[in-house]
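Here it is: the structure, laid out below.
Labels run A, B, C and D following the written order; every chain starts at residue 1.
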Amino acid sequence: MNNTFGRNLTVTLVGESHGPMVGAVIDGMPSGVRIDEKEIMTLMDRRRPAGKTATARHESDIPQFLSGVKDGYSTGTPLTIMIPNENVRRSDYDRLADTPRPSHADYTGHIRYRGYEDASGGGHFSGRLTAALTAAGAICMHMLEQEGIHIATHILRLADIEDRPMDPLKDMDALKDKAFPVLSDEQGEKMLEKIRTAARENDSLGGILETAVTGLEAGTGDPFFDTVESLLAHALFAVPAVKGVSFGSGFGFADMKGSQANDPYAVKDGKIITLTNHNGGICGGITTGMPVCFQTVIRPTPSIGIPQSTVNLKTMENTQIRIGGRHDPAIVHRACPVIDAVTAIVFADLLIGRYGYEHFGGER
Amino acid sequence: MNNTFGRNLTVTLVGESHGPMVGAVIDGMPSGVRIDEKEIMTLMDRRRPAGKTATARHESDIPQFLSGVKDGYSTGTPLTIMIPNENVRRSDYDRLADTPRPSHADYTGHIRYRGYEDASGGGHFSGRLTAALTAAGAICMHMLEQEGIHIATHILRLADIEDRPMDPLKDMDALKDKAFPVLSDEQGEKMLEKIRTAARENDSLGGILETAVTGLEAGTGDPFFDTVESLLAHALFAVPAVKGVSFGSGFGFADMKGSQANDPYAVKDGKIITLTNHNGGICGGITTGMPVCFQTVIRPTPSIGIPQSTVNLKTMENTQIRIGGRHDPAIVHRACPVIDAVTAIVFADLLIGRYGYEHFGGER
Amino acid sequence: MNNTFGRNLTVTLVGESHGPMVGAVIDGMPSGVRIDEKEIMTLMDRRRPAGKTATARHESDIPQFLSGVKDGYSTGTPLTIMIPNENVRRSDYDRLADTPRPSHADYTGHIRYRGYEDASGGGHFSGRLTAALTAAGAICMHMLEQEGIHIATHILRLADIEDRPMDPLKDMDALKDKAFPVLSDEQGEKMLEKIRTAARENDSLGGILETAVTGLEAGTGDPFFDTVESLLAHALFAVPAVKGVSFGSGFGFADMKGSQANDPYAVKDGKIITLTNHNGGICGGITTGMPVCFQTVIRPTPSIGIPQSTVNLKTMENTQIRIGGRHDPAIVHRACPVIDAVTAIVFADLLIGRYGYEHFGGER
Amino acid sequence: MNNTFGRNLTVTLVGESHGPMVGAVIDGMPSGVRIDEKEIMTLMDRRRPAGKTATARHESDIPQFLSGVKDGYSTGTPLTIMIPNENVRRSDYDRLADTPRPSHADYTGHIRYRGYEDASGGGHFSGRLTAALTAAGAICMHMLEQEGIHIATHILRLADIEDRPMDPLKDMDALKDKAFPVLSDEQGEKMLEKIRTAARENDSLGGILETAVTGLEAGTGDPFFDTVESLLAHALFAVPAVKGVSFGSGFGFADMKGSQANDPYAVKDGKIITLTNHNGGICGGITTGMPVCFQTVIRPTPSIGIPQSTVNLKTMENTQIRIGGRHDPAIVHRACPVIDAVTAIVFADLLIGRYGYEHFGGER
């Protein structure tokens, strides 16, 4: 299914940037998972544009639950989340209709949907759909936290500025509520300065995120084809602007020897651990019981204010555009809660498969 | 489904390293696709261990078609490929039963399958299953070639040696039949020397592969969740040892500005192209019509002859192992045809969805 | 996926009887299918309760398209249909909370959803969800009609009154707009009289529907496990109150010999036909090119005004209930457009698989 | 997926009647389910042709386990069952190649697979594939029996001879080992006489089977679209010759009133039961905890020795055929273990979804 992800717990994303709403349907949610609007909004707020480093389009983004929730708990029937689009300005986009913006989905969407697409504001391709994805993920994250599983993401690199690597056992709490999630505030300030400079130049920036998941038992996943890496990557690459995903030492493995890359086992407090975690908590596609660690690269936002070459789809002639409207000089920080959300969806699905839906929820 | 991949064309992998066979079932294969054993063997031979840079376990690996093939063409009903295991030496592995090899799937498989797994030779996790995967992919590759779609992979980097980047429009033919697929034979020789050194040191090496797919029309894929990146990554991360996948400029996007990362459109010979291809032929999860380009990182083979720390699962005590048996100092080159195969499966499935199964096959 | 049906075109049903809405998400809809609200309402109106033979709960049931529709055509991205619930009277159901109504889903839903279900008015189990299903099916039916495929259903039997069997080539047009779809108006009047009598007795009635699909080419379907019968039955048994599905001569086959049950082939106007159609247009799970014909049995509405034995779930004691509220003495006639809708969804999905999504839509 | 059934536990059927084998792949089998060849053969033997009332084609049908089994237990990785075809006589079928047998899948398969099908002996459509299906089901049945769940099927009607209806709580054991499963041996003898007469007349007979499943807890299934009825019917209609499926009172509901059709609840021994079971143990698509009861109609075998009208596909002219070869005058009795097998697969899948795969197996 094109727009659905998951097996036992599935998420379907619907809506367009300038239509009446964006939304998500969660099917397979166990009964009795607490649906705490405040908790969901906490994650969603970190995704929302804010301040000078973000688009001027502001939305209150308060999720409405149209089905599957009763008295603050999931019923177990399909859970529908709707986020109304409020601050819609179609006119910004009208004049772009025939001149696809480079590295946006305007052209590919036009071919895929044969001219019937609602291209305004990016339509179904808009980053706005990640608001609904984040809401769905926040519910899954709550469910996982009841099992002692925690997820956190920080900006490992933005342009040429690096944050220090995450120590999953120490650093995760500090990241929970940060709108600009970095471990070193000093480096974070340098990153923000980079973003402000890019904004002044009408340009945009990309970066690399690092995510960790703790509290997972060993033994979840499958070798072919539903490895934990496969499922995470499947979902992560659906997040707009993600162009690379790697686990543990990732692309650094190319320069390592087996003797450096292998993670030796040891017994600690009666439990089997690995002394290093180069493989990011996954061997043979299955969790080792160590933190699952991965990186995602976020490409620079394609919307820039600098003139760009493109074509006119009607006249089939070369032309130039300069994108006005409202956009972000970097979405790297705003992507963090989306990555957390997607990660939560993947593990919620995997664990429901392993332990059954009756094992979860029942919180009242 | 754990061990099945695809929607309209699916591949299921079965078998264990030291069981009677490894195999694949392809369901949804269009009727009348030529099943040329020689063509299939050409791709499979590149995956087979050969010479001094490979395991001493040799298998003839001749695929048998148990169903779905008649008179050299696919019938359209499930196509079963069986590759008998011949050169099986269980004894090599018996003494490892209770001491999981670091960064193999021994431990995670033991937990996942609760002690019932056939761990010998890696069991279902063995790289040997990629023989069946490659056979299945070779059939899909033939089907795509009838549509003018071509796939090739080379070793972009092994340890610290780099091949020159691929120019998809010029370099692909040269890679088709190479057992050690590089564009610069000089750099290839340096890589081989590195592998020989690692073998002498009882150690192993990793590397980065670069793949290109040409001949794809614009408009294939979906934004959420079945982006072309998502589907490729899902399948690629099921290949043992793959720990990272990136598209186009990949992790390099972190250091680029939007103005550098965007691919401007232009009209050329009445067709829309992009002047650069930083996004690897995919925008919004959908093909642009430019070559699809991606990188995969292959971690160093975990089987090394150097003593390693591990635990005894029965006594729960720390211990050491030294892996004997037969293994590869590097599988980077042998992974190339597997990546090609997996890529072919993904695009065969995607295109059958777009154009219908009746569009393909019918070669007689 | 529990609440999703289909492979290439999927429908997900959401909502509860007394929640804010019921709805459907169609994913995989080809681009450029005309979305004609009037046409959709025509089918939906036949499902709506009306007159003396139906529940007194009246809803305007005007579908709102929250996504996937632009300027009257499907975009190709997920199409969300929302039908607000207006005439909600929760109080009718409150006193039933602990005493499950016999042969409703109150008890089974209570166990399945562990007490978290929204049981009011049947919740997610309510026949009201078929309003959204019918809207989704009406869009698919329009798509099929562009291909010359037509679907019609009539009441073959209600209590002991029989309509004459349908001749698919002659009778289908006459059934299109009938609120009480029978071929013999005289028999229809007798059925209505039966319903009125049952209503007076606070009881309810069931019946058998006969459906035909014309215009299908030979060759659609698969032997294992996605036979046309399998897919239709899967979807039909999801319609509340359906307890039996049979094809062609159906249960009558038990009393036939092979020589009577086989459908001989013949050439007519250069086309292969069968001289009889005992197998209901399907052999080996695949369409023969003759009309697809099947029967569904609709059990009597479980809501009756007569006192019934049940249990109190809190005290675990036997007790009696008498269901007040608003309900239908028969839903047999109202089920006809729902069966049509479900049938349209199944064939839309099958044909998109066969010919590809690009083959359909593009109506502008 | 065309040839795969299930979500958490899936079965894929492969092979052709006159190819090297027929087989099944079970994916998602929990680890540590006992694979007892004798137990599997017991069910398979009841499906095998035997005596005068069956085809003269005899096969030993001993299943080989090519993967997923170790030391008599399922490993948890894909389990491959292969049943070699031994007694193959292609010549019987050669002269039928261009003249499709009425109500077989010859013609529909020819169109579906565009002439590339292996039509010999029915090819992939052959009843022989149910040997593999039965083997797969026998394993699932064993798994369910560990949970106290039992399945049995008898011939309720053959031609105009009726067996007495099954009382699930008393009659099931008696049916377990019967090659001709009836409750009244006297009626069974009459049925056999009917079959012998049909055989002498070169004709064939059909019948109705009744199946019961006991030991199921309340609360398994989903309202839309994966009702227990939907899933069972999906799988049952894939069994060749099944043309109708009904639950509980089935088509008899048409003549019942709500007051007769409803099953009142009562408390018995501290457990909630229904006093009647007209709904066949399923309400709202979910199990009630009472036995699940359903009927399937088996059409008369299409292979008859009487001359029949057909067409020549090459010349497109009307012609006659008389089918020689080896076939059954009735497969009604042989279908019983196949129905049991299919039922076991459906419930194994459903229960793994509810309780998780870790809940099952682990028998050693």
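Odds and ends about this structure:
To be clear about the criterion, a residue touches a chain if its C-beta (ideal position, glycine included) is under 8 Å from a C-beta of that chain, and two chains touch if they have at least 3 such contacts.
All values derive from a computational prediction rather than experimental measurement.
More than half of the contact pairs of A-C, counted by residue number, reappear in one of B-D, B-C or C-D; that pair is B-D. Looking at B-D alongside A-B, one finds more C-beta pairs in contact between the chains of A-B. Between the CA-based centres of subunit A and subunit B the separation comes to 26 Å, rounded to the whole angstrom.
Averaged C-alpha coordinates give centres for subunit A and subunit D that are 45 Å from one another.
Subunit D has its Cα centroid 38 Å from the Cα centroid of subunit B.
The residues of subunit B that reach two or more other chains are 1-4, 7, 13, 77, 112, 124, 223, 358, listed in rising order. The residues of subunit C lying in touch with subunit D in their complex are 1-5, 7, 11, 13, 100, 102-105, 107-109, 111-112, 124-125, 129, 133, 157-160, 198, 203-208, 217-227, 229-231, 233-238, 240, 242-251, 253-267, 270, 272, 274-275, 278-280, 282-289, 295, 297-304, 306, 308-311, 313, 316-318. Subunit A meets subunit D in the complex at residues 7-8, 77, 223, 352-359. In the complex of the two chains, the subunit D residues touching subunit B come out as 1-4, 6-7, 10, 12-16, 19-23, 25, 27-28, 31-32, 64, 66-68, 70, 73-78, 80, 82, 112-118, 123-124, 358, 361-362, 364.
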